[in-house]
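There are two complexes below, and they share chain A, which is joined by chain B in the first and by chain C in the second.
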Partner chain A sequence: MWRYFFRRVNLFFATTLVMMAVLFYATHQFPVDESYALSGISNPSAEQLEHISDEFKLNSNSVVQFLAYVEQRFSGNMGMSINSQQPVFEELKTVLPASFELSLVAGLIALFLGVPIGVIAALSSNKFVQWSILGLTLTGYSIPVFWLGLTLSLWFGVNLGWLPISGQINLLYQIKPITGFMLIDTLLSDSSYRIPAFVDALMHLILPAITLAVLPFTLIVRITRQAMLQVMNQTYIRAAEARGLHTFTIIIKHALPNAMIPVLKSIGIMLGTFACYGIIVEVIFSWPGVGSWLVSGIYQRDYTVIQAGILSVSLLIIFLSILIEFIHTAINPMSKKELYATN
Partner chain B sequence: MPQIKIYKQDYISTPAGRVWKAFSHNPFALVGLWGVGFLLVLALLAPFIAPYGANEQNQQVLLLPPSWDPAGHVEYFLGTDDLGRDIFSRILHGVQMTFGMSLVIVSCALFFGFIIGAISGMMRGLKSSILGHLLDALLSIPSLLMAILVVAVIGPGLSNVFWAVGIAMVPQFIRTIHQAVHDELQKEYVTAARLDGANDLQILLYVIMPNVWEVLIIQVTMAISAAILDIAALGFLNLGAQAPSPEWGAMVAQGLDNLLLAPWTVTIPGVAILFSVLAVNLVGDGLRSAIAPIRK
Partner chain C sequence: MTLFWKLTPKTLLCAAVGMLVSACGQATLPPGLVYCSEGNPESFNPQVVTSGTTIDATSHQLYSRLVNYDVEKGDITPGLATDWYISNDGLNYTFNLRHNVQFHHTDFFKPQRAFNADDVLFSFERIINKQHPYHFVSRTGYPFFQSIGFESLISSIEKVNEYQIVFKLNRKDASFLSNLATDFAIILSREYADQLLIEGEPEKIDLQPIGTGPFQLNQYVKNEFIRYTKNPQYWLGDIDIEHLVFDITPKSTSRLAKLITGDCSVSALPKAGELAIIDQHSHIKVDAKPGLNVAFWALNTQKPPLNNISVRRALAHAIDKQNILDVVYNDIAVEATGILPPTSWAYSNNLPANNYDPAKAKNLLDKAGVKDLVINLWAMPVARIYNPNALKTAELIQADLANVGVKVNIITYDWSIFTQKLVSEDYDSVLIGWNADNSDPDNFFTPLLSCSALESNNNRSKWCQKDFDHLLTLAQNTTNRADRKSYYQAAEAILSDQVPLIPIAHAEKVLLKRNNITSMQVRPYGGIAFAKIKHNAQQGNQ
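Here is the complex of A and B:
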């Protein structure tokens, strides 16, 4: 197991380095001055220029420059945002939790709705139920997310007027950021309006979270269904049935834990697409997360923001997908057998 | 008249024939296949069928509702947008951009992915691992981020959609083909062929390929649907196709200003995207369930 762990850690570092190299190369291809693209200072004075070239070793060869680039970026020097003139790192710290909040809620909705529905789709012998669940998931999988978001906001936000369609919370509420998660911050704040603020934050979260949850939901339903169909044919399920266990017990205790393994794996594969969808959803609902920050960065050609956004999002995806792969191997003895040909 | 069997032996259909038989027994898959064929025909014939040009403006009919609305007019079947352009014609022209472009991107990605994936799949050890894992880094950069990076370097335009979606897609093909070739290579019939004296190229082309192409086809259909969604999403975010273009995602973005006044300018291109992705996914799903029992 340890050998596998270190191989994964190795892979993480190698992948990160390659990603940094891609970013480093792209940074030098930006159609602006090198020092401007690296630091975000548009008209640097002579000493600032010297400072930048000292930090990023601009006078050395490209290998040294690359190492300096990696060192600067990982020590938190992301430069200044060209647009807001704030340090990019500080901005990143405020936008990342908002994105986490949205994607966590969306992921949880998808998981807690998707798994039971997948199980029902697998176990139901009713053709109508099966076809309608499959048709629904296929449609959900094919729907363009930006169009879904617009339609939902037009319908529930404008025509029916039930839910707010932009932002994280009504601007009237002054909430001091503690964790960065608006739902928790509103409860933690000591103001008199914390409960209405919490409700307001929750209302703001519903539409974007549902829009973002559609894709993982459909995938989880489909994969749970497939895995359940396979697991229910195994001999140990028949043995449990022969012992006279209740169907519910069999599903919860014997079938689901085994069916969850491929679901976990597919979640790891899905992360990249999920991040794409998250960015689009944040843009549509003006969610103050890393996605809308990044897209407004590209509209304004804010090169430091672009680098920081891409770096943080891809690092997160690399890290999470390797972590999920590791957990998948750790809890699944079958894959250990594949690795070492022994248990 | 019942068919008379002259010979005693049963006719055993080819693997492709069996896949087709299973595929055509699934009505949804056939609907999807008709849909894809319809889109292909439209992609070829769109400029001849479309009643108006993609950017032809008629100032007399701004924001005309679709023809089933009492205020609509049948000459503008799906209505017009805020510049008086016929949406029906624009959708037809858009087939080439969104659907046609996804085909081009996927075939290019397939070409390069196949070459690299086959080479790395046939090799063993460190070389294979380097080729296989080097591109994992690119795999982890979502296509949208890739597009943002490309736009930052060369500016927005339809050509960078090609690069962004293509670069994001090649590693997926490499991984699929690498894995499939690698798995087949462990099997005994390959060893048998090797003992017969086949070299690596022969093993790849004549021994392994016939058993891999099914996986490949499924991957291709999945890639096409993902490519359509990506192209449209980039067009919507103004990072891909630019404003007057009839690309469907860009059409949604252009209709956004009039969302409240004229929701059809957003709804209709969205339905077009949904329809084409659904058709491709139905075909892919049908293929998967047709191939799955044979592979067991």
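Here is the complex of A and C:
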């Protein structure tokens, strides 16, 4: 198992290095001065220029430059945002938690609703229930997220006026960022408007979270259903039934844990699409996360922000995919067997 | 794995409770007001910019002026100057200053004295005196003051005593007081400037503002928000609004959505099509007033092919302004014949306009021997009061010109880059406009089309004509309205003949507000002001 673990860690570093190389190459293709694209300082003074060229080893060959680039970026030197003239790292620290908050809530909604509904779809003998769940998930899966986001905001925001559809919180609440998670920060703040602020933040979260949850939700339902159908036909389930166990116990104890393995795998595969959908949802709902930050950086030709945005998002995806793959192997007896057979 | 199953009913319950709270609970908001603004300010000092977004965020919120403009009467009223008198030759303006006016008291600046003549001296010396330590602190110069030739107009500014100051002019200028009442002529703190010089950070004067206005800056996060708190020592008395927040929302639809869902209380610059949606929401009111503004298409008169007057005339005849009014402005605008809007007192409707006549346009182009003309058309990416959708306008112009055989390439950049590139790059033509800062007609001519405006890069047509400039000087030299009107009409006639720009429309100034906002008025010119707003406590989500 350890050997497998180190192979995965190796894979993580190798992929990251390749990604950095692509980013490094792309940075040099930006139609601006090298030092500007790297540091984000417009009209640098002679001293600053020297400092930048020293940091990024601009006078050495490209291999040394690449290593210096990797070193600088991973030590937190992301340069200054060209547009706001703030350190990009500081901005990243405020936008990343906002994105985490949104994706976490969306992911939890998808998981906690998706798994039970998938199980119901698999076990229900009622054709109507089966077909309607399948039909609904197929519809959900086919709806483009931008259309869904706009439709939901049109209905619940503009027409009904129930839910806010833009931003993270009403700006009159002055919340100091502590964890970066708005829901937690509102509760931690010492303002007398703590509870209303929390409710307001929750309201702002509902529509974007639901929009983002639809895709993983439908996938989880479909895969859970498929896996459950397969698992329920296994001999050990029949053996459990023969022992007279209650159906509920069979599902929870014997069927579901095994059915979760393909679900976990599909979550890993879905990450890239999920991140992409996250960016779209953030833009639609003006959610101040890394996605809308990256997109506005692209619009404003903010080269340092583009680099940092791509770097952080892809690093996260690489890390999480490998993590999920590792967990998948660790809890899946089948793949363990495969591993020990081959190794 | 069993965890998932057990938690589900709880989660559902939580969600249900959440929905319940949302449906019946009225969220209580801290006292204050959120304004959905359309962009980031470039600076926090209106002296150094001309952009309306910056003016909105600074001028009437953070600062005060010597004199003000009364919106109702169109008169000059006292500001930081309590009264003033003008010498008989019209060259000396003496101002008596208000006592006990306090500058903002903040973490980084604790004023030791009240406002006095030194502050006035500093604020204007900075602009006109090239030796002044603060003159070159502004990297963008002082575009409004340069465009009206302020430097050459003022011979000297003299402090008589702590509370009296004299402006000595080189020539008579009927628009001088009006110019002092513009959003740009704000008063800075000399004491703060001295402190910054000692600290070695003079550039902070434009970024960490100190003024005498109703609000002081609390926090600014670019692309996100600007927070103000009220100035407890405001010289005009107590203000109703505790906190003022500018929610920076560049997308017009998002601004509308935030207004509907209650995330902001006031918003501006709706797109034409959005007004129909607002009609369905009874809690949102639309305030519209004819504005003192003009949207125009400036033609670069220094660059071929548009240096050819026949080509410019042809273009003027080729575009269908009525169509633009219908599509882009949704009829909340009037067609522009000249550069002055109908609400200006110098306006006259018997101007020979370049009417829509594609056949004539084609004819002119043929006569000039111009074939296969290709021009670049720069269009602003953001909504401005004078043009809510410049890109759409550009597309309509593109279609109109295709009819007469002219190919148009539309170019656009993000707003801050757009304004930078307008100065540095060689464009063919640009769709832009002007929102007046005061009701003096001079404000439409000198800052936009005079030779001094050419030097300050504000003259988008890069056009400088002696006769035209002479007319403007004549008009400034007299205070007789009838004479001035005839001069401005003559100037309009030159514009119509030479076509350095093609006026398109005068838009109405539209402000959207939730109906708990009372006593907020649309100002026909200049930036938005929040000091006098009242709003009742009834808040919440609906």
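Some notes on this structure:
In the analysis below, the second predicted complex is superposed on the first by the 341 of 343 C-alpha atoms of A that agree within 3 Å, B and C clash if a C-alpha of one lies under 4 Å from a C-alpha of the other, contacts with A are read in each partner's own complex, and residues count from 1 in each chain.
Everything below uses one rule, namely that contacts are C-beta pairs under 8 Å (C-beta built on N, C-alpha and C of every residue); 3 or more make two chains touch, one makes a residue touch a chain.
All of these numbers come straight from a predicted model, not from anything done at the bench.
When the two complexes are overlaid on their common chain A, residue A:63 makes contact with neither chain B nor chain C. Once the two complexes are laid over each other on the shared chain, residue contacts for A:157 go to chain C alone; chain B is not touched. Looking at the shared chain after the overlay, A:288 reaches chain C, while chain B stays out of its contact range. When the shared chain is aligned, chain B comes close enough to touch A:146, but chain C does not.
Once the two complexes are laid over each other on the shared chain, residue contacts for A:193 go to chain C alone; chain B is not touched. Residue contacts after overlaying the shared chain place A:252 against chain C, while chain B stays out of touching range. Of the two partner chains, chain B and chain C are each touched by A:301. Contact with neither chain B nor chain C is seen for A:242 once the two complexes are overlaid on the shared chain.
When the shared chain is aligned, chain B comes close enough to touch A:30, but chain C does not. On chain A, the surface patch touched by chain B in one complex and by chain C in the other comprises residues 158, 299, 301. Remark: chain C residues 1-2, 4-5, 7-8, 11, 18, 21-23, 25, 27-30, 32-34, 222-225, 227, 243, 245, 247, 249, 251, 254, 257-258, 260-264, 277, 281, 414, 416-417, 541-542 touch chain A in the complex.
Remark: chain B residues 28, 133-134, 136-145, 148-149, 151-153, 155, 225-226, 229-230, 232-233, 236-239, 249, 252, 256, 259-260, 263, 266-267, 269-270, 273-274, 277-278, 281-282, 285 touch chain A in the complex. Residues 11, 14-16, 18-19, 22-23, 26, 29-31, 135, 138-139, 141-147, 150-151, 154, 158, 272-273, 275-276, 279-280, 283, 294-295, 298-299, 301, 303, 306, 309-310, 313-314, 317-318, 321 of chain A are the ones touching chain B in the complex.
For chain A in complex with chain C, the touching residues are 83-84, 86, 108, 111-113, 115-116, 153, 157-158, 161-167, 170-174, 191, 193, 196, 199-200, 202-203, 206, 252-253, 256-257, 260, 286, 288, 296, 299-301.
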